[in-house]
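Handing you a structure now.
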Amino acid sequence: MATSVPTESALSIKNLTVSYHNQPVLWDIALDIPAGVMAGIVGPNGAGKSTLIKSLLGLVPSLSGEVLVHGRPYAAQRKRVGYVPQRSSVDWDFPTTALDVVTMGLYGRLGWLRRPGRKERNEAQEALEMVGMSAFANRQISQLSGGQQQRVFLARALVQQADVYFLDEPMAGVDATTERAIIDILRRLRDAGKTLIVVHHDLQTVRAYFDWLLLLNVRVIASGDADDVFKIDHLRQAYGGQIALLGDSESQIFAAPKGK
Amino acid sequence: MIAELLTNTALPIILVGAMVGIASSAVGTFLVLRGNSMLSDAISHSIVFGIVIVWLLTQQQSGPIQLVGAALTGLLTVLLTEALANTKRVKQDAAIGLVFPALFSIGVLLLNVYAHDVHIDTHTVLLGEIGFVWLDTIDLWGLPVPQALVSMSVMTLLNYGFIGLFYKELKLATFDPALAKTFGFMPTILFYGLLMLTSSTAVAAFDAVGAVLFIAFAIVPASAAYLLTDRLWMMFIIGALISIASSLSGYYLAIHLNVSIGGMMAVMTGVFLMLAFLAGPRYGVLTQLAKRRHARKAPVEPPTSP
Amino acid sequence: MQWLDLLSDYTFQNVVIGASLLGLISGPLGCFAMLRRQSLLGDALSHAALPGVCLSFIITGSRDIGGIIIGALATGSLAALTMLLLTRHSRLKTDAAIGVCLSIFFALGIVLLTYIQGTNNASQGGLEAFLFGQAAATLRSDLWIMGAITLATLALLGIFWKQAKLVTFDAEYARTLGMPTTAIEATLTAMVALAVVVGLQMVGVILMAAMIVAPAAAARQWSRHLGSMLAIAAGVGIVSGVSGATISTLSRGLATGPLIILTATAIVLISLALAPGRGLLWGAIKHYRQKEALQRQQLLYTFYKHPRAAQRYRTTFGSRRVLGKLNRQGYLARSPDDGIEWSLTPQGQAAAKRVVATFEEVAP
């Protein structure tokens, strides 16, 4: 096979450019994310973090670029990719239960006409168990807290049993307990050999959570092992004036507060 | 001889058509900007209810009392819609779809009951007949002026008077209601005032164009203007110009094809909207395509470093 | 009229069956329209059917129901497509796009209608029927066609249930699973256009909006699952249809369409007030109880901590009621000195102590 490389990349992007109204949102992105890492995508507001994930998944059209998942084009590898969208992207007043939302993760595998049966419901129940939500399986989704809704979304991606997971700000607007729970689950997945690609906005926790980093601001500022990327020079380059330093330790870097 | 007759009927009809457009698009502009366009649909239909109620109470089918009744009906429609939406059990568009058919139904049933002694024709209320406006004239300074032209002119003056008086306040209340509220501009009251004017305009326009076509005159020129400019005051001017152009072209096309004049005028507003949508200088689809083709030759500029 | 006579009345049978079919199709499709935040889609598509109906008349020269269906479906779809283009490729929002399509297509219909009337005078009154429906003129043959449309639509919905549900809930996610979301959304919209065709005969253009919205809005209050929501919406649609038709026939002269709509609206109001869990009445009762419990605690706390200041509480109306209640329950009594001032009874002292303890535990 010509496309396979010795140490296979989970995700390989070449020359990806996305524009909106002729303004580049992402410019000539090229990266290789190795398999089995927990990768963070970090950058200031408007850096194109969410757009990057959406264009990889074909949800946003790109001007140019090639996306390979485990060595083959994304379209052919759809079943190996799981996606956790931002919580705000759906109507939580929809008449359905937590278990039902998780079962939706299996619709792709079921194909056109087959209905989810007992087997699928059991799988969904297990996924809810994994995220600590089995007690809420039959709860109406509008009655879940923000953190619980996020866990349901995570469980929905888990049932897909994908190899590569994309998560769009899973920690946004959730309480500290949920954040810890989500990180625990993600770590377990990584330890099982899965690749996790997470859009993250909190610079304080970046070092603790991720072992691979992409620092993004329209272009790739830096990418690679977290320790190599998370350098003050890189951060200055990415965030410009938006960064404030407290103390002289690099571990105390905060993004300047900005209304979001 | 024939030419004289034609000018005698043509001018009033065209003027009334243009006036309906100018008066309606003035209030329609704010509806479009606020994302409440469908309130014009709701108001224009539920007014049937108001007309019947006012008739039952006063036996008057037109005139100032009907205008006031219409304003109150419009307000009632909006208040009911908001009350439903505020329960958080139904969304605003669903609330609109519940309220106006219910009011309209009550109006129609009341007409059913009092059918033998009422002369309100739902057909006319819904469709109007602009071709006959010159038949109904009143003497003004010795001139026979169509009554519809007088009432539409009054509504135009009222609408633009209100907008002129509260221009700054309306602008802020539309763009940022929260800030307007902190300034003490009472955005809700302003909006209710606007909607009452919308209702009165609708009733005044009924004789000429009816309920459904009123929606076209209220929303379409304003929407077209929205596609053409980024300035609020320009929206009113463009809206008025499109109304005049639609009235003129619609009239002559309708005469030529022997079809409904009001309908053709409304269709023409749609034609102008499509033109703006496709070929607008900044946001037009074809313009954008051409720009993109141009851009492909000279590709997207790389971003400047942050 | 005797019930038996009524039931065997040919026109009545037709109207009731037609109204039931309308409820059966518009309820479930209305649920999807409402959840996709397109509640007024039915309104727009029904208005947009007019030019289609006219075109079919111009082309075929007859008022054949088959032609009307195809025409209405064609222009309805064109209007839906225009709405989509306007919202996707311009700065117009959904509401403006719906309003524009609704009014312009209807205006086009009026133009075509007057064109027909100008060329031959056979179809006078056709518009009246289109605007308000003509339930009483429903024929058996119409019912077969309406039934076939309803059945086919519901079957299609059953087959693509999973897809329709996921696309409605989370279209972007559905795309990452490889579903053709645009095609599914287009199918759902086309189905609403089919429901409109059934509704034109029964309730007419203007009231069709409510036939899409009302059953769905009522059903949403009672259900936790999409499946049950659809079933209840269909039920609400049928019940409104049948009762509207019955009242209309019994009253002799009241229009069927408005009666169907008012029945559906009444069911919505009842559902909003009384549905378990979501009902406004239950919410109000709960709120009232909580408020009273809090006031009670507040009073006991104040009487315990600041007995003198507590006397001022009597002035407010709500407190006076709660005071009376505490008095009847034996927690408070008039002071023996002047018979005006209140003071805690021993039982009240104990209750107040508990309240104070919990308050100070929370906020030391």
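Labels A, B and C are assigned to the chains in the order they are written; within every chain, residues are numbered from 1.
What we mean here is this: a contact is a pair of C-beta atoms (placed from the backbone, for glycine too) under 8 Å apart; a residue touches a chain by one contact, two chains touch by 3 or more.
Just so you know, these numbers come straight off a predicted model, no measurement behind them.
Asks: Touching both chain A and chain B, which chains are there?
Replies: C
Asks: Counting C-beta pairs in contact, which comes out ahead: B-C or A-C?
Replies: More C-beta contacts join the chains of B-C.
Asks: Farthest chain from chain C, going by mean C-alpha coordinates, please.
Replies: Checked the centroid distances; the maximum from chain C is A.
Asks: If I average the C-alpha coordinates per chain and also across every protein chain shown, which chain's average lies closest to the global one?
Replies: The most central chain here turns out to be C.
Asks: Averaged over CA atoms, how far is the centre of chain A from the centre of chain B? Could you give it in whole Å?
Replies: 47
Asks: How many angstrom lie between the centres of chain A and chain C, each centre taken as the mean Cα position?
Replies: Centre separation, chain A to chain C: 37 Å.
Asks: How many angstrom lie between the CA centroids of chain B and chain C, rounded to a whole number?
Replies: 26
Asks: Two or more other chains in contact with one residue: find those residues in chain B.
Replies: Within chain B, no residue touches at least two other chains.
Asks: If I count partner chains per residue in chain A, which residues reach a count of at least 2?
Replies: none
Asks: Enumerate the residues of chain C that touch no fewer than two other chains.
Replies: 37, 220
Asks: Inside the complex, what are the residues of chain A that reach chain C?
Replies: Touching chain C from chain A are residues 54, 57-59, 78, 81, 83, 85, 89-91, 94-97, 100-101, 104, 107-108, 110, 112-113, 115-116, 140, 156.
Asks: Quick check: in the complex, which residue numbers of chain C touch chain A?
Replies: It comes out as residues 35, 37, 159-163, 165-166, 168-170, 172-179, 220, 223-226, 228-229.
Asks: Considering only the defined contacts, which chain C positions touch chain B in the complex?
Replies: 34, 37-40, 42-43, 47, 85-86, 89-93, 95-96, 98-100, 102-104, 106-115, 118, 127-128, 131-132, 206-207, 209-210, 212-214, 216-217, 220-221, 253-255, 257-259, 261-262, 265, 268, 272, 278, 280
Asks: Under the stated contact criterion, what part of chain B meets chain C in this complex?
Replies: Touch residues, chain B against chain C: 32, 35-38, 40-41, 45, 84, 87, 89-91, 93-94, 96-98, 100-102, 104-106, 108-109, 112-113, 115, 122-123, 126-127, 212-213, 215-216, 219-220, 223, 226-227, 254, 257-260, 262-264, 266-267, 269-270, 273, 277, 283, 285, 288.
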